[in-house]
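Same chain, two partners: chain A is paired with chain B first, then with chain C.
Right, the complex of A and B next:
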């Protein structure tokens, strides 16, 4: 938004923008300060001792020195988190695209009930199914492995993706595809030239959700990964169990938000460019 | 759960019977039997450990300085012995206990699990032992077991033989010895105001309402505070002694009589705790939450297992600058140990034994004290003069009190069978504010347990 745009807003609207900013950017401010703090106690507005003041005399690496040291396992966790997130996203799309097409276009008995059943995994708490799932996964021989963790991440992500893609499919008139076929396109061309481009905003939004949910799963990741597969959430949980947050936990929390942030920016761009190129939407 | 237990047992038995052997010359079961029977030389264990190669060590990873010690000291030391230490940092040991039990229940028996070694004590050890998920009585067979007192006739051996009242039967090796120590913020409390007894504490809180709280039972830190209150208010005047007996030996009636004065005190203390003056006493859920209240001067004291808690808090910035230790409650500072255990289905048991033997060496204990602020678990009187000096020199500093004063005020832990009853009584009397007589509450809780 340009400054001119801001000036045109009424006082109430400006306050609203401020409130939105406070709620979105606000939580990051104390995290950022905490990550550079050594001792930050109430009622001090700012830390009484900073990390860089203590750094020289500390007998061990503090705050960011620890976060960036190999002991923190941050690098390994980031690679695992992003890798698993991307894999979950791809597998989820492969499962959900055909399913959504049927749910959106098909007419059959019990469709409503089926849609409801597909949403059920969202209602079950992770803690309740973790152990039972672990026992099944042990039986299958995939506990403690990457395929196991990716499979278990599909449970809470498929319902999201399915809901999102179904509604996008519903908004997509089958007439477009028929037009293509009438004009001589084969099924592959219809899929890649017509259906997917029109679905892209929905696919991207669904993919983004899937990635974000996957990168935030703790308990299922811990149980199925048996602690051997370290991700940013499992790392963070071992740091903040108990409510207090130190400098290293704050640093890891900041790093944990980076993959999601990058994807958010990327997908935002893609959606805009695609929408613009195809000439739909109101821009 | 009952079913799970049964499944666990039968699965363990089944695999023990049918075990198909492994890549080693000797199967995991044969190795276990021979080692536990004492018919195996330590050098054989060491060479098997090198064949196994790796040891997966599951431990609470919330402390940066402990993580650093593991990576910088323990890892290279074990690498020299031909074993790769793979530290797996967890947020709650209970989660790992669940994983081990689930593995065994789904048929992953001897040698087929994922955890080689786990840092445990109290309830988690009790669960593993009860479910038959432990490898065996190995601890007194390690070379470095010489650094510990195992003689039952010596009362000092109690900390190695009993873990919160549960007999350890050498199924876990002591690692570190802790003491329940309270820290005081000297920015608010002068030397003369510092309480030494529970009556002093109450007097202080009447002057400064809301400036104390303890971790909420059934968290073991909360239970420990309650236990020390009960010891101090024991109407027979015998302190911790009767609390060493099991519920069966002590009897419900006698237990109720023993704990009534203590609970009367806790009831009187309740409105004086943090938030109490506003009518809503607040008990933190964990030790780190209490650390934070202490750092922010919301409370003036912080009681937890942390012989070097003040030192650690000061070097990590989690304690206020003027924190010091205090001797409180006089004569009733509870001491216990925490341990390293090997699960029944450890895939690398020999490597785990070599690692545990290293962790209980004087070399490892001294460096872990100095660098990670963890008190030594070895028993000083079993060591040579040179080793004793090594441990003493490695000890981090105390603030405001001496080690001798801390040693002079210790008390033992409470029998695990009583802990459940005391916990239940606390929840009824303090949490739910029941006005029933304590005797009645205790009887109800015991009836509810069976």
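Right, the complex of A and C next:
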């Protein structure tokens, strides 16, 4: 929203925007301050001792020094998180694109019931899924491995992706694809040059959700990864398991939000360009 | 006006012959096309005409290869194409909604068919440019479809199809989404284009005026069956059934009995007919409103053979180009369209003249 747009709002609307901002951005402020603190106890408004004041004295690395040091495993966890997130995103798309196509275009008995069944994983508690699957995965020998973690991440992401892609597929006129075929495009060309570009806003939104859900999953990662696979959420949980939120935990939490933030900005820009191409963005 | 690629000119000039043999398409709950036989000569313009849901669009989709027939065969120049995937049939399809790719500029839309075939970049540029020139859209090459008017979109859709030099051109209600004046303009544009390129063309429409304007031959379809195939004049004046007669336009229809091979008895009186291939027994006779001449009783007979009945004008409707006169002939009425410049009056005794050539005999 531009400043000009803000000025046009009434006082009440401006307060509302402010409130939304406070709720969404607000939680980051104490996190940011905490990550620079050494001692920040109630009822102090600001930390009484800052991390940089203690930096030279402390025998071991503190706060950001620790977060950015190799012993913290933050780099490994970030790479794991992003890598697993991307892999889950891709596998999820590969599973959901054809499925959504059938659900959106096909007519068969029991379609409604099938759609309902696909949403069921969202209802079962993660702990139940995690423990049951761990037994199976140990038997299969994929517990504590990347494929195992990626597979388990698909459980809570596929329903979201499927819903989103089904609705965008319903909005896509099959005539475009038919036209492409008549003009000589093979199925791969139809998919990459017509279907996917036209589905892009929905695909991006679905991919973004999948990525965000995957990068925030703790319990399933923890169970199936068996501590061998460290991601940002598992690292964060090990830091705050004592019940206290230290400077290191705050730092890791901030870092954990970076990949999602980057993806959000990128996809937002892409969707805007796409929207212009479709002629809806030039108002 | 349109310059085609020189190497392919001869092939296109000849046009591809299309043969549909016992073509059927069965969906789970209904038969869309039922045992259809149709021969389309090379370069011919055939219009599939019928009400919505009669199977004409399905027929087009079967010819294009987007749908597979349940039974029967489709052949181009005598070679079956029933098992050829749509990409290799080399047909062009323009549909009602145009389906221009909204995420591509006009240039890329037109270039699409060439680039998926792996044509070189410089050749694509050249051929797209020639085609955009032919449809007068060069200044719009960088626009997105959403920035074009209906007529421009239609021209892009045609250009995008013709640039691939299809053997057969298939048009599915191509003018349905245009307003009336633009429709006339695009119709004559298309007619000229088709004649210049000599491309075999199948057009689907539910508008009988459009069909008669464009077609070399009209194929009328009802409920998945081919009801009648013929040149526009034949289908119009000599429809095979009452249904075809009514679909093609307003007309006088009455039961008739054959008296002799060239004479029928109708409630209006005995009439000489030219075509009496219906067989003996009862049938129905049909005369179009404008095929009836009205002359004042005193005037001498017109030249040529004509049936002459006497009657009285009971009402006249002024419709702009014509005056629609209802004439009482015996116990029945006949409706006749006369030029709106004629000076007929209600209550006048008149002679009704019907040329035997313009009496249609209907089987049902």
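General observations
The rule is short, and it goes like this: the second predicted complex is superposed on the first by the 271 of 283 C-alpha atoms of A that agree within 3 Å, B and C clash if a C-alpha of one lies under 4 Å from a C-alpha of the other, contacts with A are read in each partner's own complex, and residues count from 1 in each chain.
Please note the rule applied: contacts are C-beta pairs under 8 Å (C-beta built on N, C-alpha and C of every residue); 3 or more make two chains touch, one makes a residue touch a chain.
Not measured: the values here are computed from a predicted model.
Contact with neither chain B nor chain C is seen for A:160 once the two complexes are overlaid on the shared chain. In the superposition on chain A, A:173 makes contact with chain C only, while chain B stays out of contact range. In the superposition on chain A, A:64 contacts neither chain B nor chain C.
Judged by the touch definition given at the top, the superposed model places A:211 against neither chain B nor chain C. Residue contacts after overlaying the shared chain place A:144 against chain B, while chain C stays out of touching range. Contact with chain C, but none with chain B, is seen for A:186 once the two complexes are overlaid on the shared chain.
Counting the residues of chain A touched by each of chain B and chain C gives the higher count for B. Touching chain B in their complex are the following residues of chain A: 37-42, 48-49, 54, 58-62, 66, 69-73, 131, 134-135, 138-139, 143-144, 222-223, 226-228, 230, 234-235, 237-239, 241-244, 246-248. By the touch criterion given at the top, residues 173, 175-176, 178-186, 189, 193-194, 197-198, 274, 277-279 of chain A touch chain C in their complex. By the touch rule above, chain C contacts chain A in their complex via residues 64-66, 86-87, 90-93, 95, 97, 99, 101-103, 112-113, 116-117, 144-147, 160-161, 164.
Chain B makes touch with chain A in their complex at residues 56, 58, 60-62, 64-65, 67-68, 70-72, 88-92, 95-96, 98-99, 102-103, 105-108, 114-115, 284-289, 291-292, 295-298, 315-318, 320-321, 371.
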